[in-house]
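Letters A, B, C, D and E mark the chains as written, and numbering starts fresh at 1 in each.
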Amino acid sequence: MRELYARLKALYPLGELTEQRKNLAFVTVPAAHLRDTLLHLRDKEGFTHLVLLTAVDWLEEGQFQLTYLLNNRALACDLGLRVLIQRDTATMESIHDLWPTAATYQRELREMFGIDFPGSPRIEEEFILEGWNSIPPYRRDFDTLKYAQEAYAERPGRVTHDPETHMRLQMYPGQHPAGK
Amino acid sequence: MLDIFPPDRTQYPAKKADGTLDIDLTSGKYLKLWQGPNHPGITGNMSVELTVCGDEVVEGKTHVGYLHRGFEKLMERRTFIQVFPIVCRVCVPEPDFNEYCYAACVEELAGIEVPEMAKWIRAMILEMGRINSYMMYLGGQAGALGQGVIGQWTTYVRDLMLDRFEELTGARIYHMFILPGGVRDTLPDGFAGRMEETLCEVEKTLKDVYDVMFCNAVFKKRTVGMGVIDPSWLEPYGVTGPNARAAGVAKDVRKDSPYLIYDQLDFEPVTGQNSDIYTRADVRRRDVWVSVDLIRQILAKMPKSGAVMAPLPNVLHWQIPRGETYVRGECSRGEYGYYLVTDGSGYPRRINVRGPSYTHAMALLERMIVGCNISDVAALMVSLHTYPPEIER
Amino acid sequence: MSFKDVLSPFTAWKHLFHDPVSIRNPIGRAAAPRYRGFHQNDIEKCIGCGTCETICQNGAIDMVPVEGIQTKQGDSGLRPRIDYGRCCWCALCVDVCMTKSLNMSNIYTWVESDGDAFRFIPGVDKKPWDDAAHGYRRPDDHQLTGPTRLREHMPEMEPEERIGSFAEIVHGYNVEAAKLEADRCVSCGLCVATCPTHMAIPQYIKAIRDGDYDLGVALLYETNPFSSICGRVCTRKCESTCAARHEGDAIAIRWLKRHIMDQVSDEQIKKVVGQPAAPTGRKVAIVGAGPAGLTAAFDLAKKGHQVVVYEALDKPGGMTRFGIPEYRLPYDVIDRDVDVIRSVGVDIRCNVRIGQDITLERLKSDFDAVLIALGLQDGRGTRIPGSDQPMVRKAVDLLRRVTAGEDIGTPRQAVVIGGGNVAMDIARTLARLQKKQYGEVKVILTALEDLPHFLADADEIKESGEEGIIILDSRGPQQVVIENGQVTGLKTWKVKAIFDEQGRFAPTYDETDEQFHPGTMVVEAIGQMADTSLLGDALTEQLAWQRGRLQVDAGGRTSEAWLWSAGDMVRGPDVVSAVADGHRVAASIHAAITQGVQQ
Amino acid sequence: MDFDWMKIPYAFLTVFIVVNYGFLMGALIQKIGARAGRRHGIPIWQYYLDVIKNYGLRTSITHGVMFYLGPVFRLSGGVGLLLFMPVIYGSYMFSNFSFAGDLILALYFVFFGTLGMALGAGESGHPHAAIGVTRGLQQVSMAELPFAMAVFSVALQYQTLSITEIVAAQQGGMMNWTLFTNPIAVAAAMLAFLGSMMRPPFDVFIAPQEIPIGPPTEYHSSYLALMQTNRAIFPVAKIVIYMNLFFGGAGSWPELFVKVFFLYLFSAFVGVCFPRFRVEQSIRFFLVWAVPLGVLSIMVV
Amino acid sequence: MTTKPELMKRMVKGPDGLEFEVDPLRDYYCEAPPTVMPGAYIQIVEDFFNWARSKSLWILGFGTGCGAIEMRPLMTPRFDAYRFGVAWRPTPRQANLFIISGYLSTKTLKRAIRAYEQMQNPKYVIGLGSCTINGGMYWDSYNTIKKLDEYLPVDLYIAGCMPRPEALLAGFEEMKKIIRTGKAEGANQYAENFAWYKANQKRVIHDWDMPDYNW
């Protein structure tokens, strides 16, 4: 893994290598160099299997992390490429021509995170959701519980008691919480 | 570069400038046909929008999302232990891989070493689940072609296996047994004996299935040479598991990068050559034999006693340091994996479920369905062995 | 395609004459013994801690009050109600149940037309599966609430080391140990109601887990300005109601509190405590700088009132300083807490004895309100023959003298009467003095109670034993033996019973079992009482009394509108109760003196 | 030809017996099929209940006149088939309206119901129905071809177009059955029989996994009940033809019941064991196997 | 109501060259709202029908959620529901009993409503598992409904996640009892409270592109 990283590092401006396991590592790649890196890995290094493509929302940093996980079956090792993109613009180059199956992932990311991949097939079509009318649901600032409570009727009559408060009310009725 | 269907496309619609097909539904030449979601020939609750010209499919679009529950979102607002009961719901027929992959991810990031005994029990559960899943598949494959009796037999042995699951894990379908740190409990008394009986029944049924389903003129007629996945498609479309093995590539995570205790077991990945529906079915049938053998090996080799749970911190406020990892396993449909990102809090930052059906049922199916006869759509779909809940989660 | 392929399928018919494998009567078929079916709850065992509710990721569990179950110490009186419109039968609730009361039967059939019906309180609402013998029970070694049920070891001095000195015995947790101990807490909050001052225990334990000590200090000071002291000597009623004690040790709440205070510097504490509100111009006088008085002073000062505390002795702290030996509660710890209280503007005037240096009348006229928090500074006597001898001493008196640095004439051999913490304190103090002076420990402690019923902490008893003190339980003191005008020992009888059938205090003795315990000093440590002489006869006459104690309302106000009373003298001896009382009284005084402002 | 009015109540009696027999036998065959699948299967009276329930449904939706007429045609096809042939050989009561040329009429009726169904299902507008109809018609035409040839062969063999006479010619022991006298024709006819019994491998036009049950996909309530009634009559009627033509007819009701049962069982026997052919595969199958047999049988005769 | 392009009114040229107008919403759907259908006038006839209905439950083979996995064991040797008069039909037209097998995403709800409306009166609905009762483990999901009887009339709920086949069979027996006593009038209830159901449905189905009633 280290040698591979050294070889790659010579070609592309990569970030630090995070070795999670002896056969799994993650490295940050600038968005502009992603395509070249992927091509290099696929064609020269034997990382032919695109395991997954997904995103992580780092809301606090204002960034999306796209993770392209590649697998080299012969060496039985995986390399995850992290690409950080701006959260507010959220556009990334499509790689559906490298792996046709990536188009599906990109459709999902488009729908669930609102990340656009211009040129990816059927990217505009609804994928999983139907008639969605809120912010993309996988974004961290989307509150699913709040949405669910507003949108769907629940069976009424649920009420719960906090043991701490209940005990105080029962055992010291009428008494102000000390010092508060 | 990937075209293997007959080059004669004169009857097919031309492509428009943007690459989509030029289909004029009003011409009367084409018919739009939905298979699913309410359709017995669909694998679960999904649908395929077919455009047919005569009997031939000219375009197929997979539609999913009927089972979307937003798991990955729900997981982000549950603590690490609270995620454990919901992961298994991601895949209904073979839920244990979710439990295993999730548990393994958490253990890796939290630095927990799982006791030896737990690893063996986990492997056994995974193999039992694999048998179940294949049994569902065999019945489904025969059923998609109109042979109901196979499904009757295989579901029966699956039921027997579910009984074993029940006595071991305390549940029939969603076992919720493999939790981060190990497994819930040890084997019940006399489990190995009853397991052996069940395995014998599985073997007997497999022989029957072979006689009736695989040595069957009509079945062969329908499946041999049908729905071929070209070996050159495997990588671009991310084909894994039996679908890839039927194309002659011995892709098996259990062998490629052994997890749990698979390095201590003796087995060879099953492969086939023709990559058609028949071969895929046959690979799966033979894979059941492998699983049966593996369960026997596990029961014979596993330690007789030992802890099944590693000590966990108090799960009510369990925090895991920042990190990310990916753990995969070989489920009955191919590579199943969990990608877990933690941020040091008590909640996962992000969990991504990589179900094999994701690639198989979407890009690959849409590719393969073109040029297929409508009568074969169901069989083709089943032969890819896809479970929709893991596509949309 | 071969001929075989045409014939072979017909083997499908081989089952034609076999019996079908269907289950003849599937409805209600017994599930596996481990099956996770519907819930059962032993409501007698259940303490309503709500841990099941916390862990339920489906929000399926509500804690609801149940008729017939009273809220009491260590039992919230709530019971889980499960919504089967939410449950997923993952059994996490069973796995975390602190008392093992919640279980699952292996019954699984429940069919109902009414969707609202799928809510029930297991164990209360009668269900067919209540008595099912099988089902999921948590396996013994399957544990999700922390790797251990045992308390984190508290580092402390070894007996040989500690007996020779008055240095503090307990070292306190380091950060790692505190985190591990804090990790065991399930944050149920049962302890909060039990704590007299209702400290935010789960919250400050969480602050330890998160390493946020400033928050911890802030939480502590919300309810208790004596956290350093309470972190060492609190009677910790909270720990007796801890949910964790049902299957192991209670959480070391007291040590964790101490840990927070240990971690934060004085300056930081003062910063966290903050500055008092804008001056209101109201003045309050407080008599007695013990926990109750100073707590009230702290609260009132923070609200912007001008507070003056009068203390008869030379240092503030009251019984915490003069009643508790240094090895348990070092004096600098008291200084530290008092210092913080001073920092919010409380004026503590020591060596001012009311009645001598300044009169109560004067206070009444100079201040808007007067609070007396005198404490229980006099020891009770046994009144057995010979107890009027000068070498028969009261424990509190001795302790005060030791603290003041006076020589108490350490005896070579001493006998202590009493089984409470004060008895232990004086016995151990004497032991230390003996060790210093004579090099050996000769202290005998006799108590009415048998060992399991001692009022003292188990730790105290254990440590006393380690330090060479001989503890004799169930001994009733009968006579102080005096020879030649000198005390030579104590005669005791074996106790048959302490209480009579009505539960009144009326010890009976086995006279045949008489023992003599030699000693040149006999110390009585059987209780304390207040010295209220400063009130003066007229006022004493005016005030309402109840069983020898000042009668006060819920806010601590006496029958005289300008006078409040708080602390041990109205509540009995206990630091944290005194603190709680201080808060209450402060609130009452605040309400009373600001009433006029608003008018 | 003078008309005997008494034949009408007798015909009703025949239909009544056949309907009941059809229900019970259908369920019995189902149960036997279920046995191969290692289960008990439906209760023997299940079909009655289903029919009553379907008649008892409160709503029904029509898609047009032809939609309504479809089941009616189908039922009249079944009943007609039954009524224009001698059910019990030698019995006046149950010879119904058979006449000299009834073989041709019977052939026509076999097809009649299918056509009616095709029109009705087409009206329903459901694409699955349309696909089913196309497939069904293709396959039935192909399956009828060898049958027609076999019938032709038999007619040539016995030199008559009257079913009664064909049956008569087969009397006098099993060896006189066409089964043994003209086995090739019987083989061709039996393949055609498989093709028309809506069981695998020739059930692609109802294939629940592909075009959920094809033509009847839109049928429900009383329409469906009508069709179910027909499902009790029509196979029996059809089998009665086969029985009359190839298996010596039946001299009494019990004989008829037994023979029909076994013939019906034959289709189930094959059906359980095989998946279904695609429509062009089944056509090819008939062309390759059944039609040459039919031709051969004619040649032989 | 947003209308998809293929559902808009348009002129179409047929294969034979003739032009004609297509109004899919009118041509493809039947828009008449449902009406309350009384039972047979004579009580004994109705009772007889109810008896037959209870003995012949045709279930719509629509696996809407994970509970569908337990349908297979029901249809197969181990539990063999056929012997209790339960059968599966692949088309809603012929089915009487709709088993909502667990959670319903809004996308499936739309299809489920359509399937339900295509079934014939009387029709019954069984809600399977926690998710249909009060949301189950998807109580905080943005994509699943929580309370089934808000959108469809439900005759019976079966507790479990998921309910075992045995519990389902017990449910069928209970359903039969309900039908026999004539209390299973979900279809009429739907017709009576049609506006209420529609309003609830429309509140959660955002791309409502079909007529209100489209059997």
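In this text, a contact is a pair of C-beta atoms (placed from the backbone, for glycine too) under 8 Å apart; a residue touches a chain by one contact, two chains touch by 3 or more.
Only a predicted model underlies this, so the values are computations on that prediction, with no experimental measurement involved.
Colleague: Leaving chain A out, group the remaining chains by who still touches whom.
Modeller: one piece
Colleague: Which chain lies the greatest distance away from chain C when centres are computed from Cα atoms alone?
Modeller: In terms of C-alpha centroids, the chain at the greatest distance from chain C is D.
Colleague: Relative to the centroid of every protein C-alpha atom displayed, which chain's own C-alpha centroid is closest?
Modeller: Taking the mean of C-alpha atoms per chain, the most central one is B.
Colleague: Pick the pair with more C-beta contacts: B-C or A-C?
Modeller: B-C
Colleague: Compute the distance, rounded to whole Å, between the mean C-alpha positions of chain A and chain D.
Modeller: Roughly 61 Å, centre to centre.
Colleague: Per the centroid of Cα atoms for each chain, what is the distance between chain D and chain E, given in Å?
Modeller: Chain centroid spacing, chain D to chain E, equals 34 Å.
Colleague: Taking the mean of the CA coordinates per chain, how far is chain A from chain B in Å?
Modeller: Going by mean C-alpha positions, chain A sits 23 Å from chain B.
Colleague: Note the residues in chain C that touch 2 or more other chains, in rising order.
Modeller: Answer for chain C, listing residues that touch two or more other chains: 9, 12, 20-22, 31, 57, 83, 85, 88-89, 115.
Colleague: Return the residues of chain D touching two or more other chains; collapse runs of consecutive numbers into ranges.
Modeller: In chain D, 34, 36-40, 208, 212, 272-274 touch at least two other chains.
Colleague: Please output the residue numbers of chain A that touch at least 2 other chains, ranges allowed.
Modeller: 129-130, 137, 142, 144-145, 155
Colleague: Tell me, which pairs of chains are in touch?
Modeller: All touching pairs, sorted by chain label, are A-B, A-C, A-E, B-C, B-D, B-E, C-D, C-E, D-E.
Colleague: So in the complex, which bits of chain C are touching chain D?
Modeller: Its residues touching chain D are 9-10, 12-13, 15-18, 20-22.
Colleague: Where on chain C is chain A touching in the complex?
Modeller: 48-50, 53, 61-65, 71-72, 76-78, 83, 85, 115-116, 119, 188-190, 192-193, 197-198, 202, 222-224, 299, 554, 580, 583-584, 587
Colleague: Give every residue of chain E touching chain A within the complex, in rising order.
Modeller: For chain E paired with chain A, touching residues are 106-107, 110, 133-135, 139-147, 150, 200, 203-208.
Colleague: Spell out the residues on chain B that touch chain C in their complex, using ranges where they run on.
Modeller: By the definition above, chain B touches chain C via 78-79, 81-86, 149, 156, 163, 166-171, 174, 176, 184-186, 188, 208, 211-213, 215-218, 220-221, 307-309, 311-317.
Colleague: Given the complex with chain E, which residues does chain A contribute to the contact?
Modeller: Listed in rising order, the residues of chain A that touch chain E are 129-134, 137, 142, 144-145, 147-148, 151-155.
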